[in-house]
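Same chain, two partners: chain A is paired with chain B first, then with chain C.
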Partner chain A sequence: MTTHPGSAGDGQHPPHDHDHDHDHDHDHPHAPIAQETEPSYFELMETAIRELLVERKLFGPDEIRRQIEVLDSRTPALGAKVVARAWVDPSFREKLLENGREACEEFGISFYDDTELIVLENTEAVHNLIVCTLCSCYPRPVLGLPPDWYKARNYRARAVIEPRKVLAEFGTFIPDEVEVRVSDSTAAVRFLVLPMRPAGTDHYDEEQLASLVTRDAMIGVIPVRTGQETA
Partner chain B sequence: MSQTENLVNRLPNDIGGLGAGQIEMTDHELLPWEKRCHALADVLDFHKIINTEEKRRGVEALGTELVGKLSYYERWIVAFANILFQKRILAPEHLAVKMDEVQKRLRDEAARAARAGL
Partner chain C sequence: MNFKLNSNPGPKRHVVPAFGETPIFSRGDRVRVLNRSPIGHYRVPIYLRGRAGVVERVLEPRQLDNEREGFGLNAGDKRHYYRVVFSLQELWPGYAGSPSDNLRIEVFETWLERI
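Showing the complex of A and B:
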């Protein structure tokens, strides 16, 4: 999987400070433009397919932009709110474990896709981990898009056969007496891990609890920790 | 088990349980076209043109070499093109003509922007 360091608009790179070839011949400084390099073959394909399908009225000209807004609105902060609510509200927790999608929808998180959500509760006896061995299925309505490592070969191949070793690479060591349960997602069924509430958080309110819950904890590769604890 | 038998039992996506290297904790912000490609996948699904499982199989049908060499969203967009051809929604020649047209348009826009001193 290719990574693009510095592509997140970090502003650290002056536009003409690098030494690769330019296909234009002026050398005055200018603000970075939206498309500094020629679009790739695949980018051209994306634009061409989208435009052809819009021309053929298979979907509206505004639908891609609107869906990008939906994608941008989904982040692990939503999942964190769900987890915090489950920690403070036993009836919500029960409902969440019974039917993840319905509970999330009642909580105000819409599901824009046609997927079921199964919430897996970590306990003193069971640690859950989620993966999609065949592809990259993920609970996107509540967590947003998956990280690259989740989509990459090594995690997909190994999570189901040696989960404890995989967890150890994330710095997570599960005691032998705790069962590690790995759930393999499909196009139709997605999973979300409900992590254990960390000790020493009895006085935290729901918002403070939510701020502790990270994406990786809801994938199951790390536990939820309080700020005081070290990894 | 023979090598060829292995190829039949395991299609390119079916890698669960195979040995592999250390997890690389990588992540990147999606490029604009990658995000558009993801949104396209969702919109194709909403309109029942290509669903998630068809997309997955479309990626698998690219075969091991393409699956190994193309990036994540490159695999998706090529799979979409192939599925749209198979469903006779688009024809390869239409896509080729449109890609040329898009390339020319983007080049013209870039040239105009350069002339305007942007």
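Showing the complex of A and C:
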């Protein structure tokens, strides 16, 4: 049984019933690419449900493939554009903090997963950090897929128990007089941190500002700094 | 003739909202997360069950009650839910950070009681 969406098969032909005649004479040595472990209970359940839904024609393999393509097309560069716009346009910033989803939609970012978005503004007095202790809820429409560490149990548990220590491990030291505010996502709302605009960027244009804003800054584990532009 | 805006309140003040139409709690209310342990997957983290917090805001619009729908009951039902603030110092004995540090989370109305 495969665990790859999009290779669900047509239900008539068992996969790999023909003879293979692979040419293994290529000159780069590597371990065969194979599934090393048996699929887990939940992987099997996902595959079974997906195959059933396809079999019942509720959706087709191409729709699954396309949705994966949509998910992969979203990247932190989108979120960075939102942040940069908020830094240069006070009325957009106001709207963004009032209703994150509507502001982003007006900015041209659709919410394919029908989640709401609360944008959390970092200030001199408040530092925001986002986490999903239950799973991996993440503002995917604006940031794409979450990094692996965001989904790790270690981060998920410790971000709500000792956020300052976790932040310190990311190299971020929050002064005692600054309030640390951890947002745990559990329902239909997602969070995006609006970091503070770094000093010395008054002459930057919107595009240059966007290039400063990284994924981790929008999760709230680091501030935005100059001199660390992304490509 | 002087027209005054809002001089006619419309039928609103005579309309009685149905159960569940308006949120029970509002900003600033002290609430406690119920300490229930129903069987199944519920999106109220165990670490907050039984803990006291303050309503930061009512989240609009109402959201699908996935707790009912997830178990095949009353599909499409919507419920109010809230962003609730908890003090990290109150949550974790010996919390090392600042006393103002806090945790914010969304909780469905069905999981909250007034204190």
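One rule holds in what follows: the second predicted complex is superposed on the first by the 173 of 231 C-alpha atoms of A that agree within 3 Å, B and C clash if a C-alpha of one lies under 4 Å from a C-alpha of the other, contacts with A are read in each partner's own complex, and residues count from 1 in each chain.
The criterion applied here is as follows: contacts are C-beta pairs under 8 Å (C-beta built on N, C-alpha and C of every residue); 3 or more make two chains touch, one makes a residue touch a chain.
Bear in mind that the values here come from a model prediction, so they are computed numbers and not experimental data.
Participant: May I ask you to name which of chain B and chain C touches more residues of chain A?
Facilitator: Of the two chains, more chain A residues are contacted by B.
Participant: Taking the superposition on A as described, I'd like to know which of chain B and chain C A:Ile161 touches: first, second, both or neither.
Facilitator: both
Participant: In the overlaid three-chain picture, which partner chain does A:Leu71 touch, first (chain B) or second (chain C), both, or neither?
Facilitator: In the superposition, A:Leu71 touches chain B alone.
Participant: Can A:Glu63 be said to touch chain B (first), chain C (second), both, or neither?
Facilitator: first
Participant: Thinking of the overlay built on chain A, is A:Glu46 touched by chain B (first), by chain C (second), by both, or by neither?
Facilitator: first
Participant: If you stack the two complexes on chain A, which partner ends up touching A:Glu169: first (chain B), second (chain C), both, or neither?
Facilitator: Touch partner of A:Glu169: chain B, not chain C.
Participant: Which of the two partners, first being chain B and second being chain C, lies in contact with A:Asp148: first, second, both, or neither?
Facilitator: first
Participant: In the superposed arrangement, which partner chain does A:Ala187 touch: chain B (first), chain C (second), both, or neither?
Facilitator: both
Participant: Taking the superposition as given, does A:Asp113 touch the first partner, chain B, the second, chain C, both, or neither?
Facilitator: Once the two structures are laid over each other on A, A:Asp113 reaches chain B alone.
Participant: Which chain A residues contact chain B in one complex and chain C in the other?
Facilitator: Residues 133-134, 160-161, 184, 187-188 of chain A touch both chain B and chain C.
Participant: Which residues of chain C touch chain A in the complex?
Facilitator: Contacts found on chain C: 43-45, 47, 59, 63-64, 66, 81, 83, 88, 91-92, 95-98, 100-108.
Participant: Show which residues of chain B lie in contact with chain A when the two form their complex.
Facilitator: It is residues 13-33, 35-40, 42-47, 49, 51-53, 56, 59, 70-74, 77-78, 80-81, 84, 89-90, 94-95, 98-99, 101-103, 106-107, 110, 113-114, 117-118 of chain B that touch chain A.
Participant: Note which residues of chain A are touching chain C in the complex, please.
Facilitator: 116, 118, 133-134, 160-165, 176-189
Participant: Help me check something: in the complex, which residues belonging to chain A touch chain B?
Facilitator: 1-5, 7-9, 24, 26, 28, 30-31, 33-35, 38-53, 56, 58-59, 63-65, 67-68, 70-71, 112-114, 131, 133-137, 145, 147-149, 151-161, 166, 169-170, 184, 187-188
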